[in-house]
Amino acid sequence: MAYYAEKNFFEDQQLIELVTNILSGNLTLEWYTAEGGRVRARPSDPRRGLTYEDCNLGPYGYDAIPEFVRNRYSMAARGSVLVSKLPDLGYTINRRSDVWSDNVVALYEEAKARRWAPAVDVPWAELTAGDSVREAAMAQLCTFLEEVALVAMEMPSKWVFSINQEFLELKSFLCAQMIDEARHVEAWRKRALTSGHGLGRASASAEQALKELLSAETYPEASLGTNLLLGSFVLAMCRAIAALAETRADRLLATLAMQDVARSVAYGVGHMRYHLAHQPGKAVALAEYLDRTEHVVLGIAGSPEFLEPVVILAAGSVDRDRLAAGSRFARRWYASALEEYFERAAAVGLPRRERSRLPRLDV
Amino acid sequence: MSYLSTTDFTEDQPFVDRFERMLRGDLDLSWLDAPRERVTCRPENARRGLTFRDLDVGSYGFTDMPELIRENRSFAPRGAAMPEGLPDLQAEVNRKSEVWAYNVEGYYEEAMTRQWNATTDIPWAELQSVELPEDIGKAYAQLLTFLTEVEMIATDVPAKWMGRLNADFFEVKNFIATQAMDEARHAEIFRKRALSTGWGLMRASAQNEFNLKFLRDADSFAEASLALHLQAEGMVLTLFRFSEYISPTEGDKKLFRLVMQDEARHVGYGMQHLKWVLDHFPERREAIHHHLDEAENFVFGGGYATEVLEPFIILSGKGLKKENIAEGVRITNAFQLKQADEYFERLAKCGLPERRERSRLWKMIDLRKQTMAA
Amino acid sequence: MPAVSAPPPLRFPSRDFFEALREAMRAERERFSRLGFFDTTFGVRISSDDGGEPAEFALRFEVFDCVGVESLAGVETDFVVEGPFAAWREMLDTIHALGAADTAHSLNTLTHFGEQLRVRYDDPDGHDKLYRFAESIQEFFDLSARLDFAYPDGSRPPAARAERQRSAR
């Protein structure tokens, strides 16, 4: 272990006397006069309950978080009365605009309200396993999506430990992202293993790409890469699966997953907007990050472990004529996913249409 | 510089050519031939839906997972075919018995289906109509301040470890994700309740923050889990049970019942993990005792946190008058003894019955019991 | 005693049709609560087959409810779903026959490449709400299975399949 208490409390006579005294009824009441500010949070809309927005009050509110959190390194609740000797818990992300987004509070509330449980919310009994190539394609696609979700779950977990506790609502949203992605790991795996085909093949190109995304050096880069760039394509993947579904179970699974991914994308867009509004100079570095890293979505969306099953699902078979139709679907899918990514990037102030090296397709 | 993929895909001409071939319908389909175990998993119990336990089949399952994960160093889903070129994610924890727990898959499924919402599941409007007297209001606000301060340690610590675990342990990772969300919700509900009492947040707790730092800085996942899930959360679970008992309103009782359910799951994981460690990695036993020696030192040092102990006395006795304090002390004594008893009972149940003999905390508690009896 | 005549069917497209969906949603509070907060304002635009003015409505959702059905003109929306009357009719016919859209007629499928229905938006943030609330939006339209309505030419959507089976016996 790396951290020890400042003393052996079992031999601390002062402590024993203090506790004995209190348990004899002689309270110190030192804390009794501490007040961080008297407020009374109330639900502004009873249908919605008591939201974090309702608690955005005075010194307790997230509006009061300064751009630079210089003197808060413990887990003391924001707005509580600080005491001396609070330890430094080692946070390394202490600048608000490195993490914040104006929509993050609402997205956290939305994530909780729109939760679902794959075990019981997907009508698994409606799915029938079979030898069809379609089911084999679905198993492969779900294997791939499980792989992606494992990485997407780790991205927030990797950073939340380092982010200052003052950004409580933001950290809470990262927790919601973790559970969302755990749900996707679970749901895609379950879908693959109901197919009758077992899991398919992992993707070397996608994993190389995902590792590059996961090892982003800064949180803004990680968020841009995972939430906005990768998220745009994963969102489009969910849309495609829902559109190609032949059963209610598959449509529902993909739609519910899509909703979750769309929240991450919305945070990614909001975060970049906020970040660049407060640190406009970072636009150059982030554009260079995308120059360097944008290629990863080709490694992911262009991997045969993803693209070939999509072609087959759209085709319905491996007949040559049908495959031609399936490939047209895949071309249009890629083109529209890329277009939506460009739209989002432009909206946050990172125009990519001219600059991106990602391939364009005539559709 | 961060990790860079072994190829820049936009400049990898064979990759781009293949991408274009696929988009013309020219498929290679080699993934169809990847050797695999063909299974069809179905819900064993339709009402429970399709669970991870239903997926515990052959190479996909967790039962047959080896103690040491030697092959998979990537994000390849357990049981999937692994092609050449998968990256090494440099997982630091590749031994099953360092992370596994009996029934971890069950705890995960339970967590997923028992998520709740602090915003909508508490009768906030009803709570508004109750005006707490100053002594109760302040004591309650102070207790809530402490709780909101400490809850998210149980997010940060497991999250820190998630990325270090081999991806084959995804059931544990998934459980960690549910715990992270549970704790975010706990920090949220205690904060919201404090801010709705009319008193706002009160004083931070330095002594407890030292303990949080200790939890953050554990050297291994097993140590982190031991101190966090079993010891710290176990004691908080008893605290929640008593807090429900002494809650000033029905709405507050509901609040504590909901957080208690989550906390009990985390403690359950911690217990089943320790049991697994002791059953499968017995040479860890001495290291566990060493870690608990220091963890219990922090627990005992928690006596300095008058901002926790005193509000509890006031809430238990329902006021600040002399007779209230006397009653509060009686209940708080019972609570603290119960807290310690339950902690040592849990350890014994996990296979560490000798802890009582070795523990200085136990000796202090024993001494206190004797004093009280006298 | 004079016979009580059944109320005339609703017309699609009309404001009354969407108001009826709003009422149906209110009756399904539990179902929509389970799907979660649903905060968006979006438009629907149904182009006329004869080249006339399209029918346009703005649907406002808050928390778990539809809180407003109004004319689209002048309303700030997150996105607008638009398409020819025939595409809307095909979707509604399927919903009426099956009780809910089948996978080929879900809003996501119909808008996927903008072939049958198209999504218009100014801001990708607004557009993304189509995805964030996808299932709630789908289930809102699925409620039309319960409505008694007719199209401008007086024709009706097909009867529910179960009902047809009953009458065939």
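By letter and in written order, the chains are A, B and C; residue numbering begins at 1 in each of them.
Everything below uses one rule, namely that a contact is a pair of C-beta atoms (placed from the backbone, for glycine too) under 8 Å apart; a residue touches a chain by one contact, two chains touch by 3 or more.
Please read all numbers here as calculations on a predicted model, not as lab measurements.
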Checklist line | Centrality ranking, top chain (CA atoms only) | finding: A
Item checked: Farthest-lying chain, centroid of Cα atoms versus that of chain B -> C
Item checked: chain A and chain C, separation of their C-alpha mean positions in angstrom -> 31
Notebook entry, point to check: So what's the Cα centroid distance for chain B and chain C, whole Å?
Noted result: 44
Margin query: With centres defined as the mean C-alpha position, give me the chain A-chain B separation in Å.
Written below: 20
Checklist line | Contacts with 2+ other chains: residues of chain B | finding: none
Checklist line | Junction residues of chain A - those touching two or more other chains | finding: 48, 109, 112-113, 115
Check: If you look only at chain C, which of its residues touch chain A in the complex?
Finding: 35-37, 39, 62-65, 100, 103, 106, 108-109, 112-113, 123-125, 127-129, 131-135, 138
Margin query: Which residues of chain A touch chain C once you look at their complex with the stated criterion?
Written below: 45, 47-48, 103, 106, 109-110, 112-115, 235, 239-240, 242-243, 245-248, 250-252, 255-256, 258-259, 261-263, 265-266, 269-270, 332, 336, 340, 343-344, 347
